[in-house]
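After this come two complexes, each holding chain A, first together with chain B and then together with chain C.
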Partner chain A sequence: MKELLAVELFKIGKQRKTFYGLAAVLVLVAFIMISAFFQGRGFLDIMLKNIQDSFEFQGNLLNAHLIIYLVLNSLWFHIPLILMIVVSGFLTSEYKDRTVEAILLHPVPRWKFITSKYLATAIFSIVLVLVLMLVTFSAAYVFFGSGDLVIFLDGLSFFEPGEALRRLAGAFLSGIIIALFYAITGLTLAVLFREATITWIVSAFFLIVTTMLLKYDFGWPLLNDYFFPKLIDSWQYFFYYDIPYATIWIKNTVLLGYTIIFALTGIRVFIKRDIKP
Partner chain B sequence: MRWSFIFILFSISLTAQKQDSLLTALQTKLDSLYSFEATVHLNVDIEHVNMPSKTARIQFEKGKKIKIDSESFIMVPKKGLDFNLQELFRYPYIALRTGQISIGGQECEVFRVIPESPKADFAIATLAIDPKALRLVRSEISTRKNGEFTVEYFYGVPVDALPSEVVVTLSVSDIRVPLRFLAKNAEIDQKNLQADERQGKINILFEDYTINWRNR
Partner chain C sequence: MILQIAEIKKSFGSRQVLNSVSLSCDKGRVSGLIGPNGAGKSTLFRIIFDLIRPDSGTVSVYSKRKKPLGGFIDKPALYGYLSARDNLRIFARMQRMDLTVERYSELMELVGLDASRHDPVKYYSTGMKQRLGLAVSLMNDPECIILDEPFSGLDPFGNRSFQELIRELARTKNIAVLIASHNLYDLGDLCDELYIINKGEIIRHGNASDLFRMASKSYRIYGEALIQSKTLQHLGAKISTDNALVIPGVGDIEAVIKGVVDEGCSVSACIPQTSLELLLQKEKL
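== the complex of A and B ==
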């Protein structure tokens, strides 16, 4: 199993699409930073408009922490989209090149092959979020400097630099669970649909629907609390003035549960189904 | 009717002249405040605004804008830190004594101050002055541009000339902003920023005063 996992990681490292995915994430970060540089002041003016008449402000709010927060907002859609496209390609390209058949002609148990794929996908997702975190924090501190973080979420909240850093780091780490969920789902869709273009379309559709349903009121507390589209915003809870740790913990645990269920579904389908299309 | 009106105006004028001495005394005292420095702790109490207590160093010098230095971001009320009332007394004014009021067990004289010049920043001010200690205890000021605000001054010991605590109460619009920074609907949301007025309080604690009086 270890050897299979090492082979999968080696393949991920050798594939061009992996680096295209990483490059896309870095370009996205750069784009958000450039946008923030030019539009950030206007954004802050809108946010502070109603208290600007009564107060004078001292200090720089267009700083690294606001930029990192804006990059974090890409966890809603952009990062999952890139992740699902890249990850599904790990399997669809092997179906296309018929390397799956070639590998399984060897005495390799199917469950070990596909499980190693899922594990490699999980490792790739974690590394991607950590790289995103490292690049974002480094670039933001170099170009924008430290300062208080201002957030509009259940009111206007100001966090001092140390507190802002703790919350942003917590949100990124919570974002790993979300990235894992989407990546594993992407691979499961690749198992189900096998063909790259169809898998991408279904992945994008899944992402759009999930994002739309996040704010949808199902009128049933169980669905509103535990249906997976309702669990992809756990990182955002780090920016409530009093952090609801219990809510974050529950959301992440349940989402991790869904991730495992989706992975087991993919593994089961892969084992049961004929390899030839 | 006309004679009654003239008589009332004459009475007010007399009262104003008579009470002006207390106000003039306070003005003279505050005028002798040349500069001061202090460490301030700011606590903002406004609905929908969450901000931790902030510490800053405040520097006041007569005739100049107040300087505030802080390592982190701070929000300072635009009005309420005018300790020597230089803004209030900048232009000629009419002062009317309107009675007495007890504030914190202290009997205070109440004045209405109305500027004679349209250039004045405020439309009307109500001042409560402690005549014994010759200190300002409360001011309610209606400005022309920045709405109304009330400032309450609390002093540490009876001889203190400058307050150890100031509470500024002002009206703040309720806060609504677009949720998504990159969203194109930011401009649309901006139009919908019409909001309710709410009362906000800023509590400012002063310590480590260095006061420089002139001609006192």
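== the complex of A and C ==
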């Protein structure tokens, strides 16, 4: 398994689409930062409109922490989309080039091959979010400088720089679970559909539907609490005045459970199904 | 015997693709599986490699090696964005095999490829990819090589040298080789025995030369002054400037050639015109 995982990571590192995906993420971050730079002041004015007459604000509110928060907000649709496209390509391209078949002509058990694919996908997703976090934090601090974080979430909240950094880092790390969920789902869809274009369409559809269902009231507490579309916003809880760690922990654990179930489903289907061109 | 396939049946939906297919392969011998496109050759090979599960029947491999079978189906599937060495390295590592520089050079030399090339294999010609595919198949020393349409896309020179390479492997390394092709001429000189498959059934099996003789009803004779030959005219041969297509009686080609030579014509070659259609007929030839 160790060798197969090493091979999968080697292949990921050698494919151009990996770097296109990474570049797309970084360009997206740069784009959001540039937009924030030019439109951030207007955003702050709207947010603080009602209290500007009563309070005096000192320091720079359009700072690194607000920028990172804006990047965070913008990324939980775009990053999963890019991730699902790139990750599903890890398998669909092997179906297209028939290298899946070529590998299985050797003494390589199917379950080991596909499990190593899932593990490599998980590692890639974690690395992608960590790189994103590193780049976002570095660029934001270099170009915007530190300061208090002011956000509007059920009400206006102010966080001092140290506190803001802690919460933003927590949100990013919590986001790793979300990225993992979408990446593993993308790979499972690739196992099911095998063909790249169909997998991309279904992935995009899945992402849109889960995002839409996030705010939908199912009228049944169990669904509202534990259905997977309801679990993809755990990162936002880091910006409540009192962070509900228990809720975050439960949401992330259940989402991780879904992720494992989806992966096991993909592994089972791959093992059971004929490998045909 | 290294490989035995017994009574394999397989259907895709309502379409039966293989019907009670049985065959076997021995070490050091080249076996051919000939049939038209869609006869079930690739499906059979996929079943042998356990990529597809049969509805019934068995595949028995008599080998104690870690990798008893090697080969490729349709055409070699390689990572186009990687070099030949990286491709071999990937396939080696997956099998927990150490590909040393010496082993890499040895494999490349065996299949007649330049070990010093570092460009991605997507830039390789079809023939070079076939050779690299064979090198991948030979890793980990399998006792049986199974090649599906290994000559497709090769020019006549490439075809000839690839055939020699396969023959060499069977003879010198005592490897059992099973090759499928839809082209009779690809396997004619190469195989020791032949299986003829059509519509999912093995309809004929035997010594390659015997089957070829049975399927050769006409001959093309090359030579000079053939147009003057009364023997050829009498047999209704289609005669042109330097060759004639003749259909003698069964086993009478020697008598025909003798007659033509006795008439003062020179004969430089006589090539049997083997007919796949004849081999594909279920009834006795």
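The rule is short, and it goes like this: the second predicted complex is superposed on the first by the 275 of 277 C-alpha atoms of A that agree within 3 Å, B and C clash if a C-alpha of one lies under 4 Å from a C-alpha of the other, contacts with A are read in each partner's own complex, and residues count from 1 in each chain.
Here, a residue touches a chain if its C-beta (ideal position, glycine included) is under 8 Å from a C-beta of that chain, and two chains touch if they have at least 3 such contacts.
Since we're looking at a predicted model, the values are computed, not measured.
When both complexes are superposed on chain A, chain B and chain C fit side by side without a clash.
In the superposition on chain A, contact is made by A:D274 with chain C only, not with chain B.
When the two structures are aligned on the shared chain, A:A102 is found in touch with chain C, with no touch to chain B.
By the document's definition of touching, of the two partners only chain B reaches A:N60; chain C does not.
Contacts of A:L4 after superposition: chain C is touched, whereas chain B is not reached. When the shared chain is aligned, no partner comes close enough to touch A:Y216: not chain B, not chain C. For chain A, the partner with contacts to more residues, out of chain B and chain C, is B. In the superposed model, A:W111 lies in contact with neither chain B nor chain C. When the two structures are aligned on the shared chain, A:P161 is found in touch with chain B, with no touch to chain C.
Looking at the shared chain after the overlay, A:F19 reaches neither chain B nor chain C.
Of the two partner chains, chain B is the only one touched by A:S35; chain C is not. Computed from Cα centres after superposition, the angle at chain A between chain B and chain C reads 170 degrees (steps of 10). Of all Cα pairs linking chain B with chain C in the superposition, the shortest spans 39 Å. Overlaid on A, the two complexes show chain B and chain C touching no common residue of chain A. Listed in rising order, the residues of chain A touching chain C in the complex are 3-4, 6-7, 10-11, 14-16, 97-99, 101-108, 113, 274-277.
Chain B meets chain A in the complex at residues 46-52, 56, 68-70, 72-79, 146-147, 149, 170-182, 186, 189-190, 193, 195, 200. Residues 46, 49-53, 66-67, 69-74, 76-82, 86, 90-91, 93-96, 136-137, 139-140 of chain C are the ones touching chain A in the complex. By the touch criterion given at the top, residues 32, 35-36, 39, 42-43, 46-47, 49-51, 53-61, 70, 73, 147-148, 150, 152, 155-161, 163, 241 of chain A touch chain B in their complex.
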